[in-house]
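Each of the two complexes below includes chain A, the first together with chain B, the second together with chain C.
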Partner chain A sequence: MNNLVARAKELLNSNSVQVVIGYETGPTGVARPAFITNSEKADRLIYDERCVQNLAVYLTKHEVRKLGKAAIVATLPVMRSIMMLISEQQIIGENLVVLGISSEGNLLDIADIRVMQGIIEKSDLSNPPEYRELLAALNKMSPEEKFAYWQKELSKCIKCYACRQACPMCYCTRCTVEVNQPQWIPVQANTHGNMEWHILRAMHLAGRCISCGECGRSCPVGIPCHLLTMHLTDKVFNYFKVYAGTSDKMSSVMSTYEPNDKESFII
Partner chain B sequence: MSDFEPKVVAFVCNWCTYAGADLTGTSRIKYATNVKIIRFPCTGRIDFMLLLKAFANGADGIIVSGCHPNDCHYTSGNFHAKRRWIMFKELMDFMGIDMNRVTFSWVSAAEGARWAEVVNTTVARVRELGPYVSYKEMVNKSVEEEVKNE
Partner chain C sequence: METTRKLIRKQSLEKLYKLLSETRKIYAPVIAADKQVEYKYNPAFSDITFDHIRSTLSAKNVVFPKVENLFTFTNSKTESTINDIDLNKIPEVILWGAHPCDNAAFDILRSIFCWDITDEFFSKRLEKLVVIGLSCHQSDDYCFCTSVGLAPESSKGSDILLSRLQNGDYHAQILTEKGNSILNMAGELFEPVSAEKELITEVKGKFSHEQVTEKLKTAFENPFWVENSLRCIGCGACAYVCPTCACFDIQDETKGKNGKRYRSWDSCGFGLFTLHTSGHNPREVQSQRWRQRIMHKFSYMPERNESLGCVGCGRCSSGCPVDMNIAEQLEALQKI
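Let's turn to the complex of A and B:
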């Protein structure tokens, strides 16, 4: 990715941005996030198939905000996260340089938000193919099998909240989980409380999840919690014909309504 | 299970269904006594977590009811609620939590007889389904885990 390094150097040298958020190779050979503030260190930047983490999560962190104007290496999910964060007024689009990466791994020239919007609109926004099979298999199960499956999976949860921390959309500084009057979610990890937590998380991400799968990847005990939010992403599209992160002006599905929303179960 | 009496919790809005339930009473219409009514300012206030807490605390069935669309006291609370319930139901179905035990309905302040009908049909359905054993088992098992860990 010589282009990427060159572009990062150019941005840092001209002082257009103060930090470039990208990937570098960590000591064990895995890709890890890099925050490059000095153009001499920009050679560290990489982009290859190991770089899967959704970097947009860092844009709302105060440690990164205080570094100044940022440029960010952005694949499609990251671009959609950025769109979502702008539409929810968490970041200002003009204060961000997007170093877009195409699905083939080439550097894209993204001058502003409109260009990024065009790229997003041309892409496939449904759930990534690698998750569709499992989603379909789960949907085919009987209710008892589904309940048993999720009990088994969620009993492993240790309530580390990595799924929340890794998610760019989970930026609330005070999460319902930390509320203790009333105590919505029990502090200790047990199957029932874990299930309540994952239902809460999925509901709060309904219509906002951009299907990057970062929650599932970040889980240290391998709970496929991304399937819950991805399932709702499918359903939001079925009912309301929208995908999250397609426009910087969109209002969240769950905080708006149409008088003629269709359902069949309310008597 | 002949002596099984379902416990049904009803989350209702202050302006329509609660007034409707009042009318049922003043009209001397008889309906199942299994229902415990909880009054809310609006259906928009009814957090989905409250439904989960109801199941966790022993409810076998749930009724959620408020003003008909376009009749909300706060103009749009029930529309927001509708979207929330659409998504909640889809998520619950995906996780295998029994949504046959939950009735969503619109009951206005003038529909006293309809409220009795909604309660009676829900209670009859839950009676048929029996106690919500699988959810209660999960809750009890989790409590036991806790006791063991202490």
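Let's turn to the complex of A and C:
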């Protein structure tokens, strides 16, 4: 990805940005996030099919922010996360350079948020094809089967909160599970406590999840927790005809009311 | 105790397993449906894996469960009645087929849990534990036991250590009285050692832990910590998969008049971990928490517990969602 390296060098040399957030190869061959602050180190940047982590999670991280203005390597899920973060007033779009990557893996020229919005609008925003089969299989299950499936999966949870920490939309400085006076969600990682956590997490992401799948990918014990939020993405689209991360002025589906909202789900 | 060396044939292992499972619980690694290797109580012998490099979670759950009830209580208008947990009900368990890194971790955990006051729960579980270890005949890039004073065939922490032979049989080193009691119980299954070669993997050294410990004495304020932890997202995966991480949280949960106090795994990677009631947090940002993790294992523990807090299993690195590779970082740290 020579274009990407050249662009990163240019941005750093001209001091247009102070850090480029991208990917590099780790010692065991996996792609991982890289924070390039010096153009001499920009050659480490890579982009290939291994680069799947949603880097937008770092845009709200205190120590990354402290580095200064950032450029970020952004595939579609990252671009959508950026839109969400702007619309939820967590970041300022003008303070960010987006090094967009097309679905074919080419560097896109993104001058501003409007250009990025155009690219997002032209893209397929539904849940990625690789997850659709599993989602459809889950939808076919009876409520009892679904409950048994999730009980089995969630019993593995160790409450490491990697799902939360990996998610760009889980940026709260104090999560509900950390509110301990009183303790709302049981701390112990038993099936009951795990279920409460994962349901809470999914509900907080309803209408906000941009279907990157990072929560499931980051889970060290392999719980497909991304299927919970992706299922809600489908639900939200069915009811409200919107996908998250399509505009910098989106209002949250679950916290706004429109007189013509469907209410068929209220019994 | 002097080590006894024996041979146990592949087909005799199953007989040994069956014999032991008649009287005790067995905790052994199996390959789950999603291909992850996990420890289970009393799995079918045919499900046990003898070829895994590392299980996702370590075996520490057997002595330090992810949730341990400490006592139960009943409240009335005037008083609370506390009911202790009957520690004698903690069962005898055989840890079967755990690798030397996991087994060496028990002594490290003991140095924490029994440092000044003996933790009754932990020490009872350890007392009731017999470890039948399995030397490693395979390893990968995440393994670094040889950099922390261990080896793929270390016997530390095992009561019996099995090593695979080229023909599929196993050599068994009987290392402790606990191991000897198994030998006495199933003597007919053990034969004299053979001349067959033991299959032991090679794990390359990556750093010198002595040098790392030395370097850490003056590295507290080094920019290394910020630079190398930018990608850390602050989850607790590394601590929870670690065989030696021992931090726990204590909580009361009540339902009506009844309740219980339990402890559950905690992690120094979490922001809440050191948050004071005043609102002040001495480890406010992730780099400080990452530094704490390394300092604790490679500086504070050697100083206070006279042992490293790491066995080189590589789980924290292989399980990390953002590739915070500890061996790579210690190698780099050695050079600063």
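Convention: the second predicted complex is superposed on the first by the 264 of 267 C-alpha atoms of A that agree within 3 Å, B and C clash if a C-alpha of one lies under 4 Å from a C-alpha of the other, contacts with A are read in each partner's own complex, and residues count from 1 in each chain.
Quick note on the criterion: contacts are C-beta pairs under 8 Å (C-beta built on N, C-alpha and C of every residue); 3 or more make two chains touch, one makes a residue touch a chain.
Remember, predicted model here, so these are calculated numbers, not experimental data.
Peer 1: Touch test for A:132: chain B only (first), chain C only (second), both, or neither?
Peer 2: Once the two structures are laid over each other on A, A:132 reaches no partner at all.
Peer 1: According to the stated criteria, A:188 is in contact with first (chain B), second (chain C), both, or neither; which is it?
Peer 2: After superposition on chain A, A:188 lies in contact with both partners, chain B and chain C.
Peer 1: After lining up the shared chain so the two structures overlap, which partner does A:249 touch, if you call chain B first and chain C second: first, second, both or neither?
Peer 2: Once the two structures are laid over each other on A, A:249 reaches no partner at all.
Peer 1: Using the superposition on chain A described above, determine whether A:149 touches chain B (first), chain C (second), both, or neither.
Peer 2: The answer is first: A:149 touches chain B but not chain C.
Peer 1: For A:162, decide between first (touching chain B), second (touching chain C), both and neither.
Peer 2: In the superposition, A:162 touches chain C alone.
Peer 1: May I ask you to decide whether A:114 touches chain B, chain C, both, or neither, giving the answer as first, second, both or neither?
Peer 2: The answer is neither, since A:114 touches no partner chain.
Peer 1: Which parts of chain A are in contact with chain B and also with chain C?
Peer 2: After superposing on chain A, chain A residues 188, 190 contact both chain B and chain C.
Peer 1: Residues of chain B touching chain A in their complex?
Peer 2: Interface residues on chain B, with respect to chain A: 48-49, 52, 56, 69-70, 76, 79-80, 82-99, 103-106, 118, 134, 138-139, 141-143, 145-146, 149.
Peer 1: Within the complex, which stretch of chain A touches chain C?
Peer 2: The touching residues are 26-30, 32-35, 53, 57-58, 61-64, 156, 158-162, 164-166, 173-174, 178, 180, 183, 186-190, 217-222.
Peer 1: Enumerate the contact residues on chain A facing chain B in the complex.
Peer 2: That would be residues 138-139, 141-151, 176, 184, 188, 190-193, 195-196, 199-200, 202-203, 206-207, 228, 231-232, 235-236, 239-240, 253-255, 257-259, 261, 263, 265-267 of chain A.
Peer 1: Hey, which residues of chain C end up touching chain A in the complex?
Peer 2: 34, 36, 38, 56-57, 66-67, 140-142, 226, 229-231, 233-237, 239-241, 249, 251, 253, 262, 264-265, 267, 270-272, 285-287, 317, 319-323, 325, 328
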